Amino acid sequence: MKFLTALLCAASLAMPAFAASSLQGVDATVFLVVIFVLAVFVGYYVVWSVTPALHTPLMSVTNAISAIVVVAAVIAAAATAGGAEVGRETWTARGLGAAAVFFASINIFGGFLVTRRMLAMYRKKS
Amino acid sequence: MKFLTALLCAASLAMPAFAASSLQGVDATVFLVVIFVLAVFVGYYVVWSVTPALHTPLMSVTNAISAIVVVAAVIAAAATAGGAEVGRETWTARGLGAAAVFFASINIFGGFLVTRRMLAMYRKKS
Amino acid sequence: MISADLAALSYAASAVLFILSIRGLSSPETAVSGNQLGMLGMAIALATTIAIIAPTLEPVTIGLIVGGIALGGFVGATLAQRAPMTDMPQLVGAFNALGGGASLLVAAAAFYAPASFSLNDSGGGISARSIVELCVSALLGAVTVSGSAIAFAKLNGNMKGAPILLPARHLLNIVLFGSIIGLTVLLAMSNGTAEWAFWAVVVLALVLGVTLIIPIGGADMPVVIAVLNSYSGWAAAALGFTLGNLGLIITGTLVGSSGAILSYIMCKGMNRSFFSVVLGGFGGDDVAAAASGGGEERPVKRGSADDAAFIMKNASKVIIVPGYGMAVAQAQHALKDMAQKLKDEGVDIAYAIHPVAGRMPGHMNVLLAEAQVPYDEVFELEDINSAFAAADVAFVIGANDVTNPAAKSDPSSPIFGMPVLDVENAGTVLFVKRSLGSGYAGIGNTLFYNDNTMMLLSDAKKMVEDIVKAL
Amino acid sequence: MISADLAALSYAASAVLFILSIRGLSSPETAVSGNQLGMLGMAIALATTIAIIAPTLEPVTIGLIVGGIALGGFVGATLAQRAPMTDMPQLVGAFNALGGGASLLVAAAAFYAPASFSLNDSGGGISARSIVELCVSALLGAVTVSGSAIAFAKLNGNMKGAPILLPARHLLNIVLFGSIIGLTVLLAMSNGTAEWAFWAVVVLALVLGVTLIIPIGGADMPVVIAVLNSYSGWAAAALGFTLGNLGLIITGTLVGSSGAILSYIMCKGMNRSFFSVVLGGFGGDDVAAAASGGGEERPVKRGSADDAAFIMKNASKVIIVPGYGMAVAQAQHALKDMAQKLKDEGVDIAYAIHPVAGRMPGHMNVLLAEAQVPYDEVFELEDINSAFAAADVAFVIGANDVTNPAAKSDPSSPIFGMPVLDVENAGTVLFVKRSLGSGYAGIGNTLFYNDNTMMLLSDAKKMVEDIVKAL
């Protein structure tokens, strides 16, 4: 953990000084695909690195982080009519968004807190 | 290995159908930084997953793949004067580029082939 | 309003924090701080979003957002505080349903307010491509909602666990799926005006979730939950592509991998094929969860709590093998008391956990942790299996399949090839269960009839309490 | 000419293939096909580049490229075919120098033809930022070239291994580094016209590589090579940012991580601090590589090849512990013959490899593989250390530090805390080495004087051959 963090910090400090100059023509989707593929590798390795004894907390914490859709839900709840009067459609979007915020928040709070509760129970031999 | 490949294939098939619509304003450097950070994670995990018995082949294969700079060397060797007459500067760049291609090719062929030679020696009990 | 660059970086940073939070779970020592990093990541993601939409906020939308978070937070925190540890499988299923619901609602909202998500095409309508993407998100979300709801009901006992086999169910599923595709095409061609078609897709997808899951037996629900969890992750990643959000892409991928790997681990532990599961092929070879044993009347040695107490008191090494029955009986606290008493007598105690003991990955570990069993007394199969030969007693409590030697010796057995705990190598094997019946796999266990086996037939909690009294 | 999108995707694909090629090294079974994926990745990257520049190619530039590849490929293939396995540390060092050289030359070429790399600003010159970036690449490349060249020379015996301590070398390094920074600033302010300043940076960086590495002892060169390899990886990643090339970024990061992790593993195995190494702090506590032992005259039991053959023939389990001396003596083939003879006599044979046995990670494994020792007879420290207690003979051949019990018992020893092989737990310990001298760490080994130790003082190859004859 410490080693990885050191690697990440050292590397990130060095990098943002540099900038791409010849990539502005590349479609953003290309980058997203590359990011996605790398994320599959990271997901694969990081999940296999979880000790089997903590597989139940793994399930509950992934519940919590999958509620990241809350960012889209918030945008929906704050939907605007783009200057025009707020009509039925926008209100529907807001209502659906608010319900999504509600659901996702249950997952966020419930997931992280139940994980914390479980993890607090794991103790070493005293 | 098989499992990871399956994951990668299944996921890549599904994804390229989608496209980013709201990201064209983001600077390409941002994507490069994110890609770099994910690559640090991947590098960390994939290198630790190498069995200690194959650490010497690991060193030689990284020699080979670090010769990926050959792509920049090729561009340099093919430098043009952008329509103008090819002068001293461009010739210098071409020469330096060709030398870089030469060096990098030694690494590519040498690195991959010596790795292959080493790996061919590892045998299970018959 | 913050710059698009900064927003993208913040979302990516929160995703990195999620990665680190999962990485923390590689050991119980780092897990707690990892979980905090996860919370921090979520806070950053939310704050970033608020910063982006800040200029367009109105009092009423602020109210909706704050209200949703506050109410949801309250409900979530209460659930997290109240749920007993034995109910974790259900709780995870319920959260999964909610997550799917959120995705579904977001897709619906984007359908009504495409401009807020930059999905509107030049004419003000929605592009055909965005419509297809939204329908895919809605489909995955809806299947997750109703499928997880069924899984929850089966696990929680609101619904019988036995598989419900509808007539011609495969045809039904195909028809449902075909209709969903047809409606999506219709919707895309209508340029998004055929509102009813969108909701028809949602309703059919909800029905599909039900018809896909009810034929699956209750004991298989953990696999279903992991697979649906995986789907919901990939759905979030797909939404990330649609909305161009790095945080959603990376996080969705993490969740997707996690679900896929957990279901792979479960399938391997149960000796089922991963692909048959992913393709939803549970239908073919359903096993009745509570099938009662295949018993010709062979003699077994039965024992009492006093016998067990006597044997273990005089042992020098006892290995405890917990299984699903321990969870059902909630016997973990009594078990810990028993182990403590034995340790006071100088007996060496260890716990052996099979990868699929219980009904969800890590199930036994959480229950033992709840009973304050230190985790360094708890070992995985490969680390302890060779130790049975040196143990005087294997104390098998509520476990069955995970000890079944048929997996090693009988090529015709459905669990042949699955790794099992070699409890029979111990001096004496004590089995605590209520009958000679079978477990999840529905097959008999020849160990019960071995000479060095003693059956302690009773509810696990009661039996262990009696043993504690007798010690 | 191919589209920018396709080019970016192809580069990323080749990087993914490189990832898979390293992943293949997780086991000898998958390693061979992994290596092929790596070659495929390189082919894709090259083909992509050629496709991009195709419209601008002229006969002469085609000649330069094809010539460079053909010539380089020939030289590389020859080196790969000819190099003896015992020379792997040198070979890796030499390749490393070439890689650094390629980076350096590319930076220089980009300085002369900025337009080819889209580095030219609107006025046709190079932007200050690009100049700084190119100077950083040139600096890292040049230090790698000269540093690796020194490492090569020391490992290959072209240069004495002993540290060369220049007077005021720390001051000298600071002055060199300061001058490089100053010249870079000057160059950036000149808008890239001060050609001489660029080359001055290169020359000073080459000198810096020398002054940084010569104070370090020859035996430390493997760590130097891993660190320089890591630097060259980060340099490639930095170049990737400058040129906007995904393949360079991901691949450079892989190489950078690999070097960093390998040097970390070596440092941990040798009980040195990682950060003192990364910061180049080898200067402080140099150890003479060939320091000869710390011996008061205490009695040792000496033995002959016949004695050793007799003892081993009558053993039921022999564990062989190879070390650096086996590589020096090239004794691996003879050793394999000996093991075969013993196996024919019914003796159980295993090999125990310490993580830093020899002079580079995995050194012993490659040599044993060369001698056709099957890799499932070769065990790592943590897997075999407990087996010494059950072995009749530990046959230590050319190893010393990795068995030194001072690491366990003597807190004042420089290797205290380093994990060691517990050879003294075996019934008899046979030490094959030429003298009672010390090894890499330059400290005496009290095992030589133990009652159950027998010293076989001779060149390793000769001694093993004699044992084979005696068997």
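Letters A, B, C and D name the chains as they come in the text, with residue numbers starting at 1 for each one.
Convention: a residue touches a chain if its C-beta (ideal position, glycine included) is under 8 Å from a C-beta of that chain, and two chains touch if they have at least 3 such contacts.
Since the structure is predicted, the reported quantities are computational estimates derived from the model, not experimental observations.
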Result of counting contacting C-beta pairs for B-D and B-C, higher pair: B-D
Centroid spacing, where centroids are CA-atom means, of chain A and chain D in whole angstrom: 39
Chain centre separation (chain A, chain C; CA means) in Å: 20
Shared-contact residues (touching 2 or more other chains) in chain C: 19, 117, 237, 241, 243-244, 246, 250, 253, 256-257, 261
Residues of chain B whose C-beta touches two or more other chains: 4, 7, 11, 15, 18-20, 23, 26, 28-29, 31-42, 44, 46, 49
All pairs of touching chains, each written as two labels joined by a dash: A-B, A-C, A-D, B-C, B-D
In the complex, chain A residues that touch chain B: 3-4, 7-8, 11-12, 15-16, 18-20, 23-24, 26-29, 31-42, 44-46, 49
Of all residues in chain D, those that touch chain B in their complex: 11, 14-15, 18-19, 21-28, 30-32, 35, 38-39, 41-42, 45-46, 48-50, 52-53, 56-58, 60-61, 64-65, 67-77, 79-81, 83, 85, 88, 91-92, 95-96, 98-99, 101-103, 105-106, 108-110, 112-113, 115-117, 225-226, 229, 232-233, 236-237, 239-241, 243-259, 261-262, 265, 353, 355, 360-363, 365-366, 369-370, 372, 374-378, 380
Chain D-touching residues of chain B, taken from the complex the two chains share: 1, 4, 28-29, 32, 35-36, 39-40, 42-44, 46-80, 82, 89-90, 92-126
Contact footprint of chain A on chain D as seen in their complex: 4-5, 8-9, 12, 16, 19, 117-119, 129-130, 133, 234, 237-238, 241-244, 246, 250, 253, 256-257, 260-261, 264, 274
